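Next up is a structure, given as structure tokens.
We call the chains A, B, C and D, going by the order they appear; numbering starts again at 1 in every chain.
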Amino acid sequence: MKKILIANRGEIAVRVIRACRDMGIATVAIYSECDRAALHVRLADEAWPVGPSAPRESYLRIDAIIDAAKKSGADAVHPGYGFLAENEDFAAACRDAGLVFIGPSPEAITLMGSKTAARQAAIKAGVPVVPGTEEPLSEQTSDADVLKVAEGIGYPLMLKAVAGGGGKGMRMVSSPAELPASLRAARSEAQSAFGDGAVYLERRILAPRHIEVQLLGDHYGTVLPFVERECSIQRRHQKVIEESPSLSVSPELRRRMTAAAAAVAKTVGYTNAGTIEFLLDSDGSFYFLEMNTRLQVEHPITEMVTGVDLVQWQIRIARGEPLTLDPESLLTPKAHAIECRIYAEDPETGFMPSPGRIQGLRVPHGPGVRDDSGAYEGGEVPIFYDPMISKLITWGETRDHAIARMRRALAEYQVRGIRTTIPFFQWILEDEDFKAARFDTTFIDRKWGAPGSSPLQSRDPAHEELAVIAAAIHMFTRSIATTVAAGEPVSIWKQAGRAEARR
Amino acid sequence: MKKILIANRGEIAVRVIRACRDMGIATVAIYSECDRAALHVRLADEAWPVGPSAPRESYLRIDAIIDAAKKSGADAVHPGYGFLAENEDFAAACRDAGLVFIGPSPEAITLMGSKTAARQAAIKAGVPVVPGTEEPLSEQTSDADVLKVAEGIGYPLMLKAVAGGGGKGMRMVSSPAELPASLRAARSEAQSAFGDGAVYLERRILAPRHIEVQLLGDHYGTVLPFVERECSIQRRHQKVIEESPSLSVSPELRRRMTAAAAAVAKTVGYTNAGTIEFLLDSDGSFYFLEMNTRLQVEHPITEMVTGVDLVQWQIRIARGEPLTLDPESLLTPKAHAIECRIYAEDPETGFMPSPGRIQGLRVPHGPGVRDDSGAYEGGEVPIFYDPMISKLITWGETRDHAIARMRRALAEYQVRGIRTTIPFFQWILEDEDFKAARFDTTFIDRKWGAPGSSPLQSRDPAHEELAVIAAAIHMFTRSIATTVAAGEPVSIWKQAGRAEARR
Amino acid sequence: MNLEIAVGNGVRAVSVTRKGALLHVSVDGRTTVVDARRVGEMELSLLVAPDDGSAPVRGVDASLAAQRTSGDFDVHVAGRTIPVQVRLAGSFGRQKTAGAAQGTGPQRITAPMPGKIVRVLVKPGDEVKARQGLVVVEAMKMENELRAARDGRVRDVAVTEGPSVDAGALLLVVE
Amino acid sequence: MNLEIAVGNGVRAVSVTRKGALLHVSVDGRTTVVDARRVGEMELSLLVAPDDGSAPVRGVDASLAAQRTSGDFDVHVAGRTIPVQVRLAGSFGRQKTAGAAQGTGPQRITAPMPGKIVRVLVKPGDEVKARQGLVVVEAMKMENELRAARDGRVRDVAVTEGPSVDAGALLLVVE
């Protein structure tokens, strides 16, 4: 394997480029029109255009990507996560084109990509699943039929896209009255996100934790599970903070959950990296939720507590190497790691996306801090893609230490020109329940309060005063006077600026 | 301990500030005139001026620093390394002022600060020392007397400052004829660097490795040694690359060396962080060289392979906590770490210092990379201080992996506007002997070649062509045309630039 | 230099004067002594004197990001991001005093980012409650519901479902 | 635009022309097709077409740092730092062709950085060999010996031991 095309963009494309470079493998980036100057393009050895900015016309264009791979002479393709990472047609197209797809087989993607088929596989492996519909409900299924099925499961229940992922096409339904509207919304979201409007129903576990197990499987039948990740801190069903290990998982429970995860993967002959997601109930019982047949966004926390470079191992497995890692050490976390997903969203305005140019960027550094980012000072955050611009990961000797470092790192982090979720994380990390690890997947909804409001809006007057002072001094000392909004350029203002500039 | 004054500048002041912040402790920076806008000033909670730019008038002014500590209400002082870190008067002055000095006792500093007294302590602890003079040779000792002592030791020998450190006041002497000139030079350097011109003589071990053992000692008699650091890659007796563990140290040898190091420290009742330096001969025998009674520049590699935050532990020890670390795990390195000290020096011109403004800075990121830096884009590297601007540390599953990541990180690293030693490290890291860990302390001298020459000067024509293309395109596309050196501003040039800017 | 700076829900009267190497910044009559250095195009290193009038030693690393409207900035300070609006003294007039951010005039709902109008949830004449959803804009893979700030009645609806709009485009007006 | 760019020991004749969205850069007659984007004040993202004439896909992230002399840059490219001197065509004249960097005129030894003259090792009239030490300047805690580039005879010594000098100050001349 000499040259790998990375069929993705943003921080994950950068992450894969770095792994390739560490292995002496050349890299080929692909880019859409608006991504010509993106960081992954700047860092790759080659960069090939694949179409206009809309994902459907570029990063989801299997033909254009395969064409770029062939022309560039790449011998393998890494799909990252999102886009085509869990698309069996893409995996098959790579195989047909003689390219190694760095991921599981198209068959495994197809099987585990169907939420309902994946549930069957879990049941076959002897792993409990959340009670729910065994068969998908197609877009043609009438509301009345869905209501009937729902009755058998009971309310509240979860309505989920069969092809779902990342919280898309997912709705909680509390009563029969809500079902039709939620069904319509979920189908439409699923259709637009995955091209498949089929859904299924599941019993809603109240106040569960979301715990997942990373796996690596090689081509010789070895499947190795890793210490669990705790991903209960979610907003709109999207993970925002992850950590490893979970304080709610005892060594004994870890052994059972990781064994269950490995059993599911073995049942389907799974290879490469994948993740089994579980719901952990407050009584300690756990249920198979779904399998993600790709590298996970939050893979770095596992890397931090096990010392294993998961992307390198994806590549090594894909080129036929056997897994030589020590299974015991993968289940023995070295202290604690935590990740915050930094989004270009404004928590003050209901997490409205905040695309635009990054005017200034100060990235935190120092011991125990890792920043996996696709951003740079002067770079653009386009409106077309997922607004996650970086992942900030900290490691500490204890959970408290990792959290303290995260708070310090967030205070150092400045993304100027666009709004980000950094203040949101600062708020969570000061919460007593979070600090004590007393939470479940409903944490954010309960804590953040009603939509439209925000606990951040109560400002600290001392900080406001400092902001006022800083802004006034900026105006007073800046060398190039600019027009102020109040009207025409004010000459006295300019003169004051110029006089200062000469000092 | 609520507020700590950091009696230092640059990357180590930043490092200590981060540790304090991780522990919820407020920080007080000090600064000289030229450091008003330095990174450590920007990041600290408070910053107090201590005098003009010359170190003697600011960072070495014990009175001014103690005064700042008192006025700021700090209850402890962290000295970093260099400046006053190994000055017993400073440690005593802190104690007298009721400030906790985060380091060993003034008595331990005095004892181990004298190279000759330290040798006596090692002998007392049953640890072998390099044969040499037992008593210091004061500045009054005549050349003839020194020549007589030298005869007893034999040539080649090392001439070293009693108060030395960091390679200052150190000379290799091959023959009696060289001795008077070297003596003069070493005394003058030692006098200027440490205010003490006394020297001593040691037999020169041919082709030794420089191996050192980090220690922590608490106030309850516990002294814990850490897995060794390999520091043989030196230029002008200054370490430039360090790694941990050393490939030349077997587990059995590690046990003996770390036990010897702990024995020396216990003999002198040592507390806080310190490092015992050894020379390791090619036959496997090792000799006590000296003790550094402070945090070491290269402490991060130990942190990377043991997971221990040494600065935090310095603070914890100073506030009276007992060492609760697991001794076994400190001697069991987790894979491999390597550090390159990035200096503002130009390897192309004999490592001439290259102070000035950092016009642009791109810091490497990604898995396994840590950058401990005092630099920022737009910041100045002053001429008054040590030219080390950052330490780049990488961690890998194996030594090869750590080196591969270092090469990748160095390629990502851009410090624009001043010259740095980054190309020098790129050259070392491509060396086959380095990659195979076949080296000793003479490695750089042998490999780099004669003074004035540089292996970097043989340029790759392909890179030169790219540089020419980039420069031409920069001139062609930049929006603000500037005068060219060829003479007056050329209007056609400006017009071309403006035309491009409007595109 | 006399300025008015809006922050949070109020407007502060601010003046800056240089005294020797230091700046005296008065905010609503309270003066702070500052040792300021510009460390970047939009970055300042400030050392601020404490209230007791001693030397300026309190470190405040501040940086600004210009917003669309000239004089509007996001100020990054002490690990926080605080929006301010800077105007020459007298510019804000009387309407923008404490609490004025909640206003009482018509609400002009504009697109906060470029995106596609996927749903319009109200029509002219509809009575709407505070926080009621008005229009759904899709951008960055997410649907974002724009809501009413207060109770009112929809006057104009300037968009239809389907087309894309630029940031700042007027979508509808609630009075 | 026609330029002369000195790099290494030679001077290249360079021209840049725009063709549609691409730039054609000719270096000593050999043309390279480049898709260039400015990503910062002094940073460029280049995609360079390979020799076979196919599409520009080879990634070259380049950035420049201006040196003291206008037109002189350190170019950071492919993990390396390469000094270049850019002039308008014809400016270098004949004297700066391949190998010219070694020159033959008098060597003007200047201070590469501000520092203190700690030792002057030669006096006017001394014969010196290539790489022989001439003067020792202390800066950044280190003593730095400035050496002769080639054999010659010391003509002028402009400094004495003790005082500090600025960067670029003439220290001595060897002819």
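Here is the rule we go by: a residue touches a chain if its C-beta (ideal position, glycine included) is under 8 Å from a C-beta of that chain, and two chains touch if they have at least 3 such contacts.
Computed from a predicted structure; not experimentally measured.
Two chain pairs, A-D and B-D, are compared here, and B-D has more C-beta pairs in contact (counted per touch definition above). Of all chains, the one whose CA centroid is most distant from that of subunit B is C.
Here the spacing of subunit B and subunit C, counted between their Cα centres, is 46 Å. Taking the mean of the C-alpha atoms as each chain's centre, subunit B and subunit D sit 30 Å apart. Residues of subunit B in contact with at least two other chains: 43, 411-412.
Chain contacts: subunit D has residues 40, 43 touching two or more partner chains.
Taken in their complex, subunit D has these residues touching subunit B: 1, 3, 5, 7-8, 12, 14-16, 18, 23, 25, 27, 32, 34, 36, 38, 40, 42-44, 46, 48, 60, 62-66, 69-82, 84-88, 91, 112-115, 130-131, 139-145, 147. Listed in rising order, the residues of subunit B touching subunit C in the complex are 28-29, 36-37, 41-48, 71-72, 376-379. Interface of subunit A with subunit B (complex): residues 14-15, 18-19, 21-24, 43, 300, 303, 307-309, 311, 334-335, 363, 365-373, 395-397, 401, 404-405, 408, 411-412. Across the complex, subunit C is touched by residues 168, 189, 193, 344, 346, 349-355, 359-360, 362, 383-387, 410-412, 414, 416-417, 419, 422-423, 426, 450-452, 459-461, 463-478, 482-487, 490, 493, 496, 500 of subunit A.
For subunit C in complex with subunit B, the residues that touch the partner chain are 35, 37, 39-40, 43, 45, 47, 54-55, 57-59, 61.
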